[in-house]
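Please go over the structures that come below.
Two complexes are shown next, each including subunit A; its partner changes from subunit B in the first to subunit C in the second.
Let's look at the complex of A and B:
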């Protein structure tokens, strides 16, 4: 009988290869998740509503890609709370900002305060945090004080042919890595209040997707955040950003209408991503198999000890 | 070999997997990336199986530990059927009471506190730096011996992090915020200089646990080191 220090790695490796080949994941993610509270009725648009759950503080880091660079040690955060019903989801975002910078019509001397929420379009793999890549784009909700809210896509443009772009309702030739989704996808509403040195912005959007380049949030999802302080000259790439944050949808308490997922154009969403997850077994089976594998491994370890 | 699987998982499943966003996509680099993902994934699963093999091998005396690991793992895996009860962060603390050692207890308390704060509050928010600094300094409790290669490794880590804390924050995937990568060079120095070999386990896991198997490794690693199996 070989010694355990040779046998154990061999057994562990062999079982791991089999599990991996079968697509069975017996490990869970431990990152803390923001719970999206279920509401059986209308979603709140008042930031002071008692329907909002306790917000989670998401740290924001000064970007170091665009000059002039923000101080890296600056202590900033955005507080995030989220609720959903059968058809829509709402985010309440609060961040401190000592000055209220609002864009005026025709005004060029004010950089407006702003906030953005970024979602992966594909559920297969988290995109590059800096606004995605050509093969893994992101859907962005961008709100600016005095300007309003926009539903955008970033990263996808240069990965699509002019024909695909037209089918998706985009300009034939991209002019920017970040693009406005067509009018039919401008379905986000924003409600903003500036009070006591802080912005409170509520963003409401459909739970499902209404465009192939818009994320569906009908299941657990990830999001990343950015804020801009206009008084510090922050605009465009000059901003503070978060990492990816997990969101988990609270179970529905009563039956509610299913979210509608509309794929509005002829071009399937699969044209914009080349990464796929193939689930060969249902996820519930992973729990059962995980416990069985653990039990069998304990018994095997015990048996090898007795020999 | 147990630690080797953790090293593989650390470099392939977490570091190189993320670092690849900076590598130009060609057929060759893509093939390499797929290889990195698969080996990292297999290392992660192997750590899971290896942990339970070790628990079984420790026999009847470790029965309470084995039972705790099995129960908490089963409860954690229930998230795949929609039942979210996260208590796995208690496991290292429970093991540290069995394998009594100053460093085991310190890290048992650390990960229990971090896990409790993450579960209850969704994370320590702006106070994450307090946890990150504690994680970097705790290996000192195991006693310290200054080693030349520990200084060199910490200096190399410092050079990389100083070049771009923002990128390192993305690549290290040690959680949100900047403080984890900023304290990473310090953690490398203290962990590699610590007289206790257990300090390598928290260094490779990071200040914030990313995967359930990391709690298993942190817990089983205590027995692995105390029982002298790491030295074999």
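Let's look at the complex of A and C:
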């Protein structure tokens, strides 16, 4: 019987298509999730603290999709460790950089070293890795040496009406695909140390979300990373990026209070709900499409067999 | 034909006295802010000299403008990727003086001295370089840094006998083919449809500084405080209301002229990619810039939506007359291929009165011939016509002919009238031309120097104006 041999490629393709459609990216699915350690108490802000778990290495490659393209980029990586408590989550990011480039007054030719962490806003489906899409935005924490840390949203801008945007505290018309979230959502703190040819940056943010376009990390989540080496003229699109990395929250050891989205800086609840902000195609629709494609592949396989 | 209109400028270098009033008024209006201390959207350089930033014309150092790559235009920063934008050392470290000490110091034998302190961090500093460091040719070493000087003749020009100088005021050229705009990955720079002004959208800019590196004139500046880039805005709030820029208005020598130029946007890229650089200016003037008296141009302009008052203004434009009709004004460094829209009337050397005693037989008349001028034509051609000396010579010949003609009207000297007629004929000018040139160059009034129509987007189609009302009803 030759039939299984003929059918196998079709079935494999169909399975991959269905998986991809459901948002399960095969590459990251192979990597084990990074464990976010639970700490019953305040989170460490010192990168040298013994509270950090062993960091995971995340490989980074040059961005090669949009102008200006990076020149050939050597292999780079960022090491990531994460901890959380009842209210906040902290990331410790370490990457090697032989030169310390810090923005300073009068530094016209200084491009600061930088790091960014990107989270999906929606839990329904992983967004496009390159800073999201209109219907599936990403929330980005962007730290630059000597500049500070920003809480940004990318991709959402052009998918919202001016009224929706104003309700979200954004300018009525978007000026760029990456936008600063309103002041009330600038709730990320950064602590940076440059030591022995490497940057150690600790980013602390609330576990929950304080804005509809900010990701909640109160449950297992995915994140992607990027770094910039200023001495190489890297800025904007000239950067090295990772794929999606999964993070799993360690079980709470004590009965800590449930994470709430309420923080000191949070604005009163608005009528804006996340359902219309993130308009993703429902997963079941993709599943139906996947099954249809699979059927087509099987039929095609059979037709080839007949011939 | 795709007709567009641009507000453009001519600077008559013959009349620039190097007083820096333009720079100072511009500074007071636009760059008197933290992060902009080192910026001079308008600056005046003594040439020959290194300029500001230092040696900005040297694109091997700064990688600005366009180059031809297999016959196609390509940004120099794209060809050579390991460049850096200019640093504060290339411009200068801005400083002020510690005046406070003059008041607070206790009485001693010595007078207190106001030390220079950095405008950036307030710390005492040594002043080592400035935006016009070789003012009036101070320092021959700096003179030799000028990339326009013929390397063989450099040492000659440093000799006292042959030394020459001129002033070069510079603003953003608001180019037709701006390399700053092309270099921006964020599309933060744009050229305004209605008047051609090139602007940086401060909401879009993220301070990547590709534009700073790509501008061959180094007229986009990075504000280290705002983390964004900014540049000369051609005082657009004033232009929109029909008023000249601050630098033009305050110019003591009245060297600046502003007016509308019509151009053919379809020809821009073709001409910018002209393989022979010495043909760039001729093709720019002949093919890109349009004649507002040509009925075909007028009808194309109307169908392109250019309002009638702009077409009328284009006919009265002093810039049109100098650049296109008489061809006595040229763009700065056309070989950078950005098609700059600020033009310069090349300077005659200082008028010589005691020519016989001072120069012996070298200069043969009150007004020297073009070949006898102190500023080498080759130097001017290197700056304004990419080396086309014939173009500079014919412009200088016209300027001299107008002087001889005007002198013949006022001085009773036998044979001077014939001499004037001959000079005009040689320069290809009629007496009427000469009269008009004299009026525009020497005694023009405000409304002749600045023919600026109001902004169509802001000032046309306003309901109250249509209803025949202005002001409060």
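By definition in this document, the second predicted complex is superposed on the first by the 221 of 307 C-alpha atoms of A that agree within 3 Å, B and C clash if a C-alpha of one lies under 4 Å from a C-alpha of the other, contacts with A are read in each partner's own complex, and residues count from 1 in each chain.
Assume contacts are C-beta pairs under 8 Å (C-beta built on N, C-alpha and C of every residue); 3 or more make two chains touch, one makes a residue touch a chain.
From a predicted model like this one, the values you see are computed outputs, not experimental measurements.
Of the two partner chains, neither subunit B nor subunit C is touched by A:219. In the overlay built on the shared chain, the residue A:175 is in contact with subunit C alone; subunit B does not reach it. Applying the stated contact rule after C-alpha superposition, one finds that A:233 touches subunit C and leaves subunit B untouched.
By the touch criterion defined above, A:105 reaches subunit C but does not reach subunit B.
Touch criterion met: A:287 reaches subunit B, while subunit C stays clear of it. Taking subunit A as the reference chain, the count of touched residues is higher for B when subunit B and subunit C are set side by side.
No residue of subunit A lies in contact with both subunit B in one complex and subunit C in the other.
By the touch criterion stated above, subunit A contacts subunit B in their complex at residues 4-5, 8-9, 11-13, 15-17, 19-20, 25-35, 56-59, 61, 63-65, 72-73, 75, 77, 128-129, 133, 242-243, 245, 248, 251, 283-284, 286-287, 290-291, 293-295, 297-305.
If you check the complex, the residues on subunit A that touch subunit C are 66-68, 71, 103-109, 111, 147, 171, 175-176, 233, 235-237. The touching residues of subunit B, counted against subunit A in their complex, run 1-2, 4-5, 21, 38, 41-59, 66, 69-70, 73-74, 76-82, 84, 86, 88-89, 115, 118-119, 121-123, 125-126, 128, 164-167, 169-170, 175-178, 208-215, 229, 232. Only residues 38, 78, 81-88, 91, 93, 120-121, 185-186, 201, 203-204, 206-210, 212, 222, 224-225, 227 of subunit C touch subunit A when the two sit together in their complex.
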